[in-house]
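Each structure below is given as structure tokens.
Next, two complexes with chain A in common: one pairs it with chain B, the other with chain C.
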Partner chain A sequence: MNNLLSRNKYFNYFNIAISLSAVMAFAIISFAPLFFAIERLQMVTGQSVISSISTFADRPANMDALSFTIIEASVSALATVLIGLPIAWHLARGQWKHVRLVRALLAVPFVTPAIVAAMGFLALISKGGILWNFGIDLRLETGFIGALSDTFGWQHPGHFIALILAHAWFNLSLVIRFVEPPLATFDPRWEEQLSVLPGGNTRLNRLRNLWIPFIGPAVACAGMMAFLFSFTSFALVKWLTPFSQTMESSMANMGGAAGIEGYRLDASVVILSTSVIQFIILMLTLILITILQRRNNSRVSMISENIARHNRGKISKSGMLIISLGIIFTLAPMLSIFLSSFKIRSAIGNGQFTERYSFDAWMAAWQGDLSYVAASEAMANSLIYAIVTLMIALPLGWILSSTIHSLEKSNKMKLAKIVDVMSMLPLAISAVMVGLGILLGILRYNSNLFGFFLLPVLPHVMLTTPFVVRIMTPAMRAIDPVFEHQARLLNLNPVMCWWHGRLSFLRGPAVVAASLTLAFSLGEFGASWILVRSGSWDTLSILVDQLMSRPKFDPMVQPVAMATASMLMILTFILFFIAERFRPSGDGGGI
Partner chain B sequence: MKQNDQQYILKIEDLSKQFSQKTIFSAINFDISKGEIVALLGPSGCGKSTLLRMICGLETIENGSISFADADEAVIDTEMKNIRQSVGLIFQKPVLFPHLNVAGNIILGMSKPPSRKLRYEVTEKYLEDVGLSGFSTHSVETLSGGEAQRVCLVRALISEPKLLLLDEPFSSLDVKSRRKIAIETKQILKKKGISALHVTHDPEEANLISDRVIKWQDLVN
Partner chain C sequence: MNTKLTMPIIFLLMILTSSMAGCLSDFGGVEATYSPNSGSCDGAPVGHFDDGVLRILTYDINAISDEMITQFTNQSGYQVEIIRTEDAGGILEQMLQTKNAQQADLMLGLDNTYLQTAIDNCLLQYQNVSVSNISDNALSHHDGNFATPFDQGYVCINYDENYVDGENVTVPTSLWNLTEPQWNGKIAFPSPVTSSPGRSFMISTIDYFENDEDNTTDAFDWWSQMKQNGAILTSGWTEAYETHYTGGYGEWTDGHIGDAAMTISYCHSPGVEAYYSSNWTHSTSLMLPLTSFHQVEYAGIINGAANVDAANQFIEYLLSPEINTQMPEANLMYSVLDNTDLPETSGYRHHSDIPTQPCSISNQRISQEMDSWLAQWIVEVEF
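Here is the complex of A and B:
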């Protein structure tokens, strides 16, 4: 018995040491580059962080970027909720044959790399694309879109609408992930009870007395998340609204010239003030999301999803129509990319073109040429970065989650909250800000590191670890401690207790976290664009951007870019469907 | 109403129910007079709750009819909304909305809710009747099973239904509380002159609360 107790004591010390190391490592990885970046910008500009806030408004372009960012993010959040809510409602309220598949299809956009989404919407709105064929010309803004511009003096309405649609598409799964699980497991007795009371005898009364209190916080939470992601969107803004700048894109464009003493001081001033303002807005949004998530812990009675679905019966025709439209909306940009990768146009004179379908673009993309790297090489780079990211982010996120959970179990709630918030903070720092942080905080001090092949892994770890924590922490909280207690009573050693009492329950969530880490790393664009675009280690997403940026007089440019985007898309989807396979049913937490 | 007979508040004629071609019950006939409390006694799973759900319009009627004293014709699907306004329903487990306090839950039963100022004053009057004075500001999550069921009773009665349906509402309480609340409920219903249909599998509870006991096997045979 004494042996067992001392063995457990050493195991506990070991656990504490590991936890402390992980917390410190994450804090250093995440915040040291940003700290040094700010130090450098302050040194170069001679401004403090506080004074940089007051100089932000001095430059009209900054205010234009701020107002455009707030408008596009707010409208995108609203559009996401308006499109996502009916889909989530009908998906939850009825019996579906392949509900997991439908749910996975509708969730696909969220893991789609941003550059792939941008290419998808470009293909959708370009001449010959699906929307163009329906008479909606968002790209060249002719027809009624042009009339909108002429009538209201609205500059580039087509581009703005395309961006809003793309953001709504991208964030659609947030509404479904947040709203569908509580609705699907909602005990119908509550609805029935209200329907026999005067307080629930009309739709308006039921909305006021039941649905708004019940799913309102989840809807608001999803809307705020959509706002956050639209606010920091970069690839979509870069490609769909080329004539407008968001705060993120203006920082990205000026980042290359910032942080250098005696050179382009204006760039450093813009980066410092914009990043501070953006950080404040994102922090406030995150705080609001945290408050809403706390309210979202619904106390209304839940029952098994299968029983609830059975009680509600078959899905209505209108529900079927809405879900079908949702799936078409989800798949349209992806199908557009895929089709565009085979479509090669040839000029036949007089501004006329012929189109033929072939695998030429796929072959060209795979082999590369003197002016761009081969997709095979970019894919190898992407996979290496993703695997190394996984090897660091998964154990780091796991230990952080375990630390949070252990602190909660020992009733050290404040400390648990601090570690939890710290692990979330990189989400308040956008991908471009992370990239700039490394560029200005590390590379400007030691430019030799530009040659370090694994440099992009650093931002990838920063950006993916919070997702690992978000997936693993709820999974750890859900484990019944009785299994670990039973293992201890059976006199198993601490490793075996951990193996049987915890690991066996965490394998599913770990596969989900691993697949999504790989998928997010593969598709990461903002930070990689800052760090590797001029290097020799292009990833697939950077290659797509580079290919698409080339002059389009070569008819192969666009199909090759689309073929490369298709490869990235296929790779990401394989990982995503593996993750969905292991996701527990009714899981609405995490992402 | 098939027969314009004002003596009954509810008349059920040849009522049947099937789920996925499985017959739950067939050709049920009975009625409830005005002010009468009827207990329907039967084993668990026999279809008593389904019958209650049909009466208050939560389940469709395919065969037979359910008539109310103030309805012009036998009630069919399209008139379910009207039925819901004239009946109250109390479930087996108390259904109180956790985002509202006791007063907020009771107000849901009123067609013309009082102003915020008067809310607690009004609900307190009703709570006194069931021995819950001073509970109007309480959170529903702090209530015991018996207290929660009493609040449900107040909420159902405040809408002044013509008929109150009770779906084994006391089954989750201990024997002593069950007897006490059954007697109190009967007293309140009698005082207000409200008819009630109480379904239960407990013969003692059926006798305590009702004026008349109908055995399920007598109905279906």
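Here is the complex of A and C:
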């Protein structure tokens, strides 16, 4: 018995040491680059962080970027909720044959690389695209979109609508992930009972007294998350709204020239002030999300999802229509990319052109025929970065979650909250800010790191670890401590106790976290766009952007870019669908 | 502690402690310095070892094909690694960022609007290349040993003939014509802050207005008028030419908007259009005196290069007739060698104009005044 106690004691010390190391490591990799970047920008500009806030408004372009960012992020969040809520509602409230497949399809946009989404929407809205063929011209802004502009004096409404739709598409699964699980497991008897009471005898009363208190915080939470991701959107803004800049895209455009003494001081001033203002706004958003998430944990009567679905019966026709439209909305941009990758224009003389369909672009992309890194090579780079990111972010996130959970169990709630908030903080530092932080903060101090092949892994770890923590922490909280206790009673050693009492229950969420980590790393664009330019290790995301940015006198360039985007899309989906097979039914996954 | 307070406190700590980071000094190496007395630069420390690989820092350039690299490797025995930035400005910025530990051996693509800044900052070192048949025109901006020209072209205004003919608009005879209503919202300019052709054109406008008959206005007055006349400003050439310009290939690409009948490109861009479209184009260049800029792109060995021998060999290879005469097809630019021209194939040469009176501002003046010009431009156009 003494031996067992002593073993447990050493195991606890070991746990504490691991937890402390993980917290410190995460704090250092997250904050050190930014710390050094701020210092460098202060040195170059001669401004402090505080004074940079006051100079932000001096440049009109900064204020334009700020107002555009706030407007587009707010409207995007609203549109995400308006489109996502009916889908989540009908998905949850009925019996579906292939509910997991439908759910996985609707979740696909969230893991789609941003550059792929940008190319998809560009192909969708451009002349000859699917929407254009339906008479909706969001790019050239003719027809009723042009009339909208003429009538209201609204500059480029088509581009704005395209961006909002793209953001709603991207964030759709947030609403589904937040709202569908509680709705799907909600006991229908509550609704039946309420409908005979005065407070629930009309739809409006039920909405006020049941649905708003029940799913309102979850909807608000999803909306705030959509706001956060739309606020820091870069690839979509870069390609869909050529006349407007967000704070993120404005920082990306000027980032390369910042932090260099005696060169383009204006760039350093813009980067310093914009990053500080953006950080403050994102931090306030995160605080709101944290508060909403806490309210979201309301206790209601829940039953098995299968029983609830069975009780509600088959999905209504209107429900079927809404879900079908949702799936079409999800698939349309991806289909557009795919089609564009086979379409090659050919001149037939006298200004006449024709379009032929072939696999030539796929062959050229794979072999790298256009003086670029071959897609095969970029794919290898992307996979290496994704796997190394996974090898670091998953254990790191797991240990951070475990630390939060252990602190909560030992009733050290304040400390638990600090670690929890710290683990979320990189979400308040957008991808471009992370990339710039590393570029200015680390590389300028030690230029030798410019040649370090694994450099892009650092921002990927920073950006994916918060998601691992968000998935693993609720899963750990949900484990009944009885299992671990019973394993101890069986006199199993600490490792076996952990194995049987915890790991076996966390395998599902861990696979989900791993799949998201891989998907996010594969598709990461903002930080890589800043950093990969300093090396020769183009990833698929960067290669797509490089090809699309290149002059396209040669008719092969665009199809090759689209073929490369298709390859990235297929790779991401394969990984995602493999992981979806492991997701327990009804598991919201914490995100 | 309340959660609401945690993040602000962390942020405040970051801000407060960041001032302490000033105690830290660079630990990467020693920067090369310019010695005004001798006019030379000290040697910079290398940022990587000579591992038999030639590292080329360039932008998204077309000039270097896989076949070309393979041929160079077979001839010289050196492997080649390409480090790509977004544009010519990116090359300069990366060299400045890594000044104390350069990661590449050879830069390829700085043009004459950036070259002098690189030389003044000791980013390039003397070359030891043996090339004799470079044209005087290509050497006119820099004939020293810091850089060797490898391609050239003239940046100038391109316009859509369909717009001029279709709308019965008179072809402009002065830049002031572009401030008139028929060109309102019809011209796309790549920004001189972020684009190399944009920068070249801005320099041309300075020369143009310094040499016109009106001494009361300058280039920045014109830019201000252009802003009033709805000029479309883009961050790069691709966006201006492909997304906005109606006269080019853009209409065949996803994302085309087509709201500009005039843009800034190369005087031979109509030739390139014709080359890829079976000798047909409705784009042409506007040949106004001093509004075009002779752009020369250079290859230079980076101060701090580990593999100087390979870099010298690559420059000689790039300037060999076999490779350099391919520039019009491979990189859509003119060769810099004597007695070469654009190919006649599919109207490439026929549709390409060569300006007789390009901008004549020197590299030295560009380097000295660029920051102030850009600052003025930003004030006139962004504010």
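A few notes on this one:
Please note the rule applied: the second predicted complex is superposed on the first by the 584 of 591 C-alpha atoms of A that agree within 3 Å, B and C clash if a C-alpha of one lies under 4 Å from a C-alpha of the other, contacts with A are read in each partner's own complex, and residues count from 1 in each chain.
In this text, a residue touches a chain if its C-beta (ideal position, glycine included) is under 8 Å from a C-beta of that chain, and two chains touch if they have at least 3 such contacts.
Since the structure is predicted, the reported quantities are computational estimates derived from the model, not experimental observations.
Residue by residue along chain A, chain B and chain C are tallied for touches, and C comes out ahead. Applying the stated contact rule after C-alpha superposition, one finds that A:Phe134 touches neither chain B nor chain C. In the superposed model, A:Leu210 makes contact with chain B only, not with chain C. When both complexes are overlaid on chain A, the residue A:Leu443 reaches chain C alone and has no touch with chain B. The residues of chain A shared by its contacts with chain B and with chain C come to none at all. Those residues of chain A that touch chain C in the shared complex are 31, 34-36, 38-39, 42-43, 48-50, 59-61, 119, 122-123, 126-127, 129, 139-141, 239, 242-243, 253-254, 256-257, 259-260, 263-264, 266, 279-280, 283, 286-287, 290-291, 340, 345, 347-351, 353, 368-371, 414, 417-418, 421-422, 425, 428, 439, 443-448, 450-451, 533-536, 538, 546, 549-555, 558. Within the complex, the chain C residues that touch chain A are 1, 3-4, 6-8, 10-11, 14-15, 17-19, 21-22, 24, 26-29, 47-48, 55, 60-66, 81-86, 89-90, 93-94, 96-103, 117, 194, 232, 234-239, 241-244, 249-258, 272-273, 275-280, 282, 332, 371, 374-375, 378, 382-383. Interface of chain B with chain A (complex): residues 53, 56-58, 81, 84-85, 87-89, 91, 93, 95, 97-100, 107-111, 113, 141, 155-156, 159.
The touching residues of chain A, counted against chain B in their complex, run 189-190, 192-201, 209-210, 213-214, 299-301.
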